[in-house]
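Once you scroll down, you'll see the structures, which are given as C-alpha cells.
Each of the next two complexes has chain A plus one more chain, namely chain B in the first and chain C in the second.
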Partner chain A sequence: MFKLALKNTLFYKGRSITTAVLTFVSTILFILFISLQDGSHNAMLENSLKIYTGAIEIYHRDYRDVGGNEYLIQDAKAITDKLAKIDAVEAFSTRYETYGLFSSKEYSAASMLAGVEPSKESVLSSLGTALKEGKFLDENAGNCIYMGAELVKKLKLGIGDEVAFVGSASDDSFAADIFKLCGVFKTGLFEFDSSASFVSRSYFDELMNGYNKASYITIKLKNIDDADIVNSQIIKVLDDENLESLTWKTLMKSMVEMMEIDSIFGYISLSLFLVVIFFVIMIYGFINISSRIKEFGVLRSIGLSKKNILLLLFYEIFILSTISVILATPIAAYICYYYNINPVVIKGIAEMYKDYGVVSDEIPFNFDMFTIFWNVAVVYILNFLSILYPYLYINSFKPIEATRHV
Partner chain B sequence: MIKLQGVNKYFFRGEPREVHALRDIILTIEEGEFTLFSGASGCGKTTLLNVIGALDSCESGKIYLDEKEISSLDEDARTTLRLNELGFVFQAYNLIPVLSVEENIGFIMRLRGFSDEEIRRRVLEVATLLKIEDKLKSLPNTLSGGQQQRVAVARAVAAKPKIILADEPTANLDSNNSQILMSMMRELNEKEGVSILFASHDELILKSVRRVITLNDGAIIDDYKQ
Partner chain C sequence: MYKLILKMAWKNSFMRLSRTLLVIIMIGVSMSMMLGIQGIYDGMVNNMVDKNRRSDSGDITIFAKDYRVNRDLLYRIKNVHEIKNEIQKMDGVEAVVLRIRADGLLSTARKSSFASVIGIDLKEEEHFGKFSEFLKEGTVDLQKQGAIIGVELAKTLKVRVGSKIIFSTQDGSGEINSIALYIRAIVQTTNIALDNSAIFIDIGQLHKFLGTASTEATQISIRGNGEKLYGELKSKYPNLDVKTFLELQPMIKQMQDLMVIFNSVTFFIVMSVVFVGIFGVMYVSILDRIREFGIMLSVGMHYKYIRLQIFFEALFVGLMGYLSGAVLGAVILVYLKNKGIDLSSFSDALEMWGYESVIHGTIKISYFTTTFASIITASLFSILIPLRKIKKLNPIEVIKADK
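For the complex of A and B:
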C-alpha cells in the first residue's frame, strides 16, 4: 500500500507539488511565528525579572493589599535562614520599600525609596548594570542615593547634588534626611525609572529604624522554570499563615495576562492562516481525488476495503508532509537559531512597548527543539485531517458507481 | 457453486422512473462453468453479474456462494468476499496506472498476504499463459488495448479466485484481439478450473462459451448449453 501511495505521489505531480509547497511554507511560517512570539515573551519576562522583580517574593499576607508599616516582615532573618537551606534558591535579599517626598532646590516629586543590599542586588537584579551615570551603591555608601533617570530629570538633579527626603519610619515616626545623588539608572521601564530610588540597606535601617524588617524578601532561583515547585517548598518551609510566597506569575500578573492575551491573538491569527492552508490543501486533495473516483472504485471493486483506501490516502499525505517537513524544519530551525543569537532589531519598539517590559529594540527568536517538534506535529495533524473529507466523499459512492464515474 | 433464488433488483425504487432490473431470477452455476449472460442492452445482464459479484445488492431473494448466503452481507463483508473469492475483468481494463504490469497482476495477491516468492512465481505463470511475460516491467499505458485486457485477466486470475466475472471484456478490442483473449480465457478456464461468467452481447463470446443464459427485461428467458 505504501509503494502504491509513493507511486501515486510521483504520478499526480500537480497535486503533490502544490501540497508539498503549501506544507513547506506553512511549516516554516508556523515555526517562525511561534518562535518569534515565544522569543518576545521570554525577552519581556527576562527583562522584567532581571530588572527588579524576583522569581519568588515573600510578603506579609496583607502587605500587598493594605500596605503600611504594621504589615512589614518583622523578623526577616528567621526567614532568610530557612531560605538558605533550600537548594533550588540561588540568591535572596531583603528589601524595605517606603514612599515619601523628594525635593531638590526647585522641584518636588513623590517616589519610592528602597533600602537594598547592594552586593546581593548585583546577583539578584540588573539595578547595578542599569547604571547610566555616576556609580552604583555599596554597603558603605552612606547617604548616597541611586535614582531612576526619569525621576532625576523631573527633579532637575545632577550627580553630586543633594536631595531632601521626607517620609515615615517603620515605627510611624517622622523620617527626614538629605541624600547625595551618586548614581542614576535607566532600565527602560518608564514607570520604574520615574518612581524608584535606592539607598544602601545599612543607612536606610538607621534612618527608618528598619533593622531586621523588610517589605518583602526577593528570591532568585537556579532555574526559573521551577518557580511553582520551589514556591510550594518555600510555603511548606515557612509554615506561617501570616506570610505569603508568590511567584513571578502572580507578581507580574498584568504582564502575564498581557502575554496571554498577546498569545491568544497570535494563535487566532495563526489559526486563520493555518485554516486557509488547511483548506487549500484539502481542496487540492479533493480536486485530485475527485478526478480519481474511478480509480478508487476499481480498487474497491477488486477488494480494497474502506480502511485500505484511508490508509492509501494517509500514506500519500504522509509522504508529502514528510518531504516538506524534512526540508522546512532545518531551514526554520536555522533561522530561529540565527535570530536567537542575533535578535531582530525593530527601531522604536522598546519605546512603543515600554509599559510591557520591552526594554530593547532587539527581539530574539526562541530556539527550542521541543517547540519546533510540536509545531511540526501540528502541521502533520492538519494535513492528516485534510484527507478526511475527500475520503468520506470517495466512500459516498458505491464501488460499482465509482468505476463508472467520469 | 452459485445459487440464486428469486432475486429481484430495482433501480429508482418508488420513483416514477422505477426500473425492475432483475425479475425473480432463479439460477444455479456449477464449478468450472464458462457462461455468458446475453441479451440486448438494458436487459439486466450486467446487473446480474454485479449482484453475483457482490458489487451490488438485491431487494429480495437470496444468493449463495458455496452454500454461504452472500446477498445479506454488509459492505465490509462483501469487500472481503470480492477480495478472497472473486476476480473481475472490466470493459475499460481498469488497471492501476502507476503500477507496472507485474505489480498490477500481483496486486490482489499482495492484498491477500501471499509471500513475495509466491507472487513472483504466480505472476510469471499467468503472464506466460496470457503471453505478456515480456511486458512485466512495462506500465499499462505503454501497452495495446488487447495487452491491457490480458493484464486485467491476469490480475483477476492470479490470486486463484473461485469465479471471474467479466463485463463486456471484448467491447474495446478489435476482433483479432477479442479472439485471442477469448481463447486464452477458455484455456484458463480449462487449465485452472476457474468459473468464468461473462456479460456481453459480443457474438464471439457467444460462440466461445459453453452455456448461454439469455435475459430480457430483467428475466431469464433462455438457458442452454452448447
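For the complex of A and C:
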C-alpha cells in the first residue's frame, strides 16, 4: 500500500507539489510565529525577574492586600535561617520598602525608598549592574542613596548632591533624613527608574527603626523552573500561617495574564493562515481524488477494503507532509536558534513601549525542541484531517458505480 | 449570444458542485475570519485612541515650553482664559479644557504611592470627553474635597469609594504641602498613565492648594479636527508647545502603523493562498472540459467567447465566495461590535495594560471593498494560465484525444 501511495504521489505531480509547498510554508510560518511570540514573552518576563522581582518572595499575610507597618515581617532572621537550609535556594535577601517625598533644592518627587543588603542584591537582582553613574551601595555606604535615572532627572540631582527625604518609620513615627546621591541606575524599566531609590539596610534600619524587620524576603533559585516545587518546600519549612510564600507567577500575575491574552490573539491570527492552507490542501486533495474515482472503483472491485483506501490516502498525505516537514523543520529550527542567540533588534521599541514593561530593543526567538515538535504535530494533524472529506466522497460511490465514473 | 454564455458559465460553475462549494467555503471562511481579526484588532486600537483622546490630550494639546521635558509646575501657561476664548472662536474647534497637574505622594493610613493630581472642571470635561462614561464605581462629584481616582491607583492603595487619602506635593512657591481628599469615584480611562497614577480634583481647589492663579494651567486640550487648526495654533502661539495627539502618543501611532502592516501582510498571504485554491479548481475544471472547448472552437465559436465564459465562471465562483464571506464576516463583526470578546477572567491584566475587559470590534466599509477587489482579482488571475492553454489548443487533436 505504501509503495502504491509513493507511486501516486510521484504521478500526480501538481497536487503533490502544491501540497508539499503549502505544508512547507505552513510549517515554517507556524514554528517561527510561535518561537517569536514565546521568545518575546520570555524575554519580558526574564528581564523583569532579573531586574528586581524575585523568583519567590515571602510576605507577612495581608501585607500585599492591606498593607501597613503591622504587616511587616517582624523576625526576618528566623525566616532567613530556615531558608539557608534549602538546597534549591541560591540566594536570598531581606528588603524593607517604604514611600516618601524626596526634595532637592528646587524640586520634589514621590518615590519608593528601599533598604537593601547590597552584597546580596548583587547576586539577586541587576540593581548593581544597572549602574549608570557613580557607584553601587555597599554595607558601609552610610547615607548614600542609589537612585533611578528618571527620578534623578526629575529632581535635577548630580552625584554628590544632597536630597531630603520625608516618610514614616516602622513604628509610624515621622522619619526624615538627608541622603547623599552616590549612584544612579537605569534598568530600562521606566516606572522603576522613575520611582525607586535604595539605601544600605544598616543605615536604613537606624532611620526607620527596622532592625530585623522586612517588607518581604526575596529569593533567587538555582533553577527558576523549580519555583513551584521549591515554594512548597519553603511553605513547609516556614510552617507559619501568618506568612505567605509566592512564586513569580503570582507576583507578576498581570504580566503573565497579559502574555496569555497576547498568545490567544496570536493563535487566532495564526489559525487564519492555517485554516486557509488546510482548505487549499483539502481542495487539491479532493480534486486529485475526483479525477481518480475510476481508479478507486477498480481498487475496490479487486478486493481492497474501505480501510485500505483510507490507508492509501493516509500514506499519500503522510509522504507529502513528511517530505515538507523534513525540509521545513531544520530551516525553521535554525532560524529560531540563530535569532535566539542573536535577537532581532528593533531600535526604539523599548522607549516606545516603556509603559508596557518592555526594557530592551532586542526581541529574541525561543528555541525549544518540544515547542517545535508540537508545532510540527499540529501541521501533521491538519494535513491528515484534510483527507477526511475526500475519503468520505470516495466512499459515497459504490465500486461498480465508481469504475463507470467519467 | 452573451445571454447564452452567461447561462453556460453559471451552469458550468456548479457542474462539479462539491468542488465549487469547497472553494466557496474556503473563501467564505478565510474572508470572515480575516474580517473578524481585522475588526477586533482595529477595535482595540480605536478604543484606546478614543479614550486617550477623551480622557487626556484631545486632538491637540498646548503646554508651556519645557513643561513636557521637566514635568514641573514651574512651567505653567499664563492667561489661560484669554487663550481658551481665542481658541474656542477658531474654526473646527469642538471643545477646550484647562487642566493643572502636579506630581506627588498619595497616602492612606497604610499605603503610599506616587501619583499625579489633576485639576479639572467636571462640566467642561463632560463636554470634552464624556468623563462620566469612564466611571467604574461611585458618583462623579468633586464637591467638598472629593476626588476621583484611577482604577489601578485605587488597587495599589487598596482604597474604595469613601476612603480618605492624603496627597503631598511641592506647591507653586516650592513649599511641601498636603491636602486631605475623599474618594467619590473610581474611573477607568484605559489610559495607562491616568489609570495608574491619576487623581482628579476640582481645578479651583487645586489652584488654591498649589497656590497658583486661576488664570494658569499646565495643559490646554482641544478637541477639533484638521491639520489646518494645528497649523493655526502653532503659528498663533509660537511661545507655547503645541502638539497633536499622535505626537504626544508615539506608541499609539506605532500601534496604528503596526496594525496597518499586520493587516496588509495577513491580507496578502491569505489572498495568495486563496488564489492558489481558486487556481487549482479553475485549472482542473478547464482541463476536465478541454474536449468541450475543442468542439466549441471547431464548430466556429470564437476564442473570445470561450474566454468570456471562463471569465464569468471564475467571477461567479469568486462572487459566491465573497458573498458568503461578507455575510458571515458581517455577522461576526456585528457580534464583535455589539457584544465583544469577554476577557473578564483576565480583567486585572487588561486593566493594568490599558484595555477594557470586554474588547469590542469595529466595522469599516473598507474591509469589504478591499476584500471584494482582492477576491475578484484573485479569481480572474486564476484563469490566466488555463486560458493560455485553451488558446494554444488544436481543436482536431483535442477532439481525437480520449480526454
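We take it that the second predicted complex is superposed on the first by the 406 of 406 C-alpha atoms of A that agree within 3 Å, B and C clash if a C-alpha of one lies under 4 Å from a C-alpha of the other, contacts with A are read in each partner's own complex, and residues count from 1 in each chain.
Going forward, a residue touches a chain if its C-beta (ideal position, glycine included) is under 8 Å from a C-beta of that chain, and two chains touch if they have at least 3 such contacts.
Predicted, not measured: the structure shown is a model, and the values here were computed from it.
Looking at the shared chain after the overlay, A:Ile309 reaches neither chain B nor chain C. Shared-chain residue A:Pro399: touches chain B; no touch with chain C. Which of chain B and chain C touches more residues of chain A: that partner is C. By the touch criterion defined above, A:Ile234 reaches neither chain B nor chain C. Legend: residue contacts after superposition of the two complexes on their common chain; A:Ala130 is shown touching neither chain B nor chain C. In the superposed model, A:Ala214 makes contact with neither chain B nor chain C. In the superposed model, A:Ile372 makes contact with neither chain B nor chain C. By the touch criterion defined above, A:Leu45 lies against neither chain B nor chain C after alignment on the C-alpha atoms of chain A.
Across the superposed pair, chain B and chain C touch chain A at no common residue.
Contact residues on chain A toward chain C in their complex (touch as defined above): 14, 18, 22, 65-68, 98-101, 103, 106-112, 154, 166-167, 195, 253-258, 260-261, 265, 268-269, 271-273, 275-277, 279-280, 282-284, 286-287, 290-291, 352-353, 355-356, 389, 393. Considering their complex, residues 3-4, 7-8, 10-11, 294-295, 298-306, 308, 398-400, 403 of chain A touch chain B. Across the complex, chain A is touched by residues 16, 18-19, 22-23, 25-26, 29-30, 33-34, 37, 41, 71-72, 103-115, 158, 168-170, 174, 176, 192-193, 250-251, 254, 262, 266, 269-270, 273-274, 276-277, 280-281, 284, 288, 343, 346, 348-350, 352-354 of chain C. Interface residues of chain B facing chain A in the complex, by the touch rule stated above, are 50, 55-56, 75-76, 79-80, 82-84, 87-88, 90, 94, 96-99, 103, 107-108, 111-112, 155.
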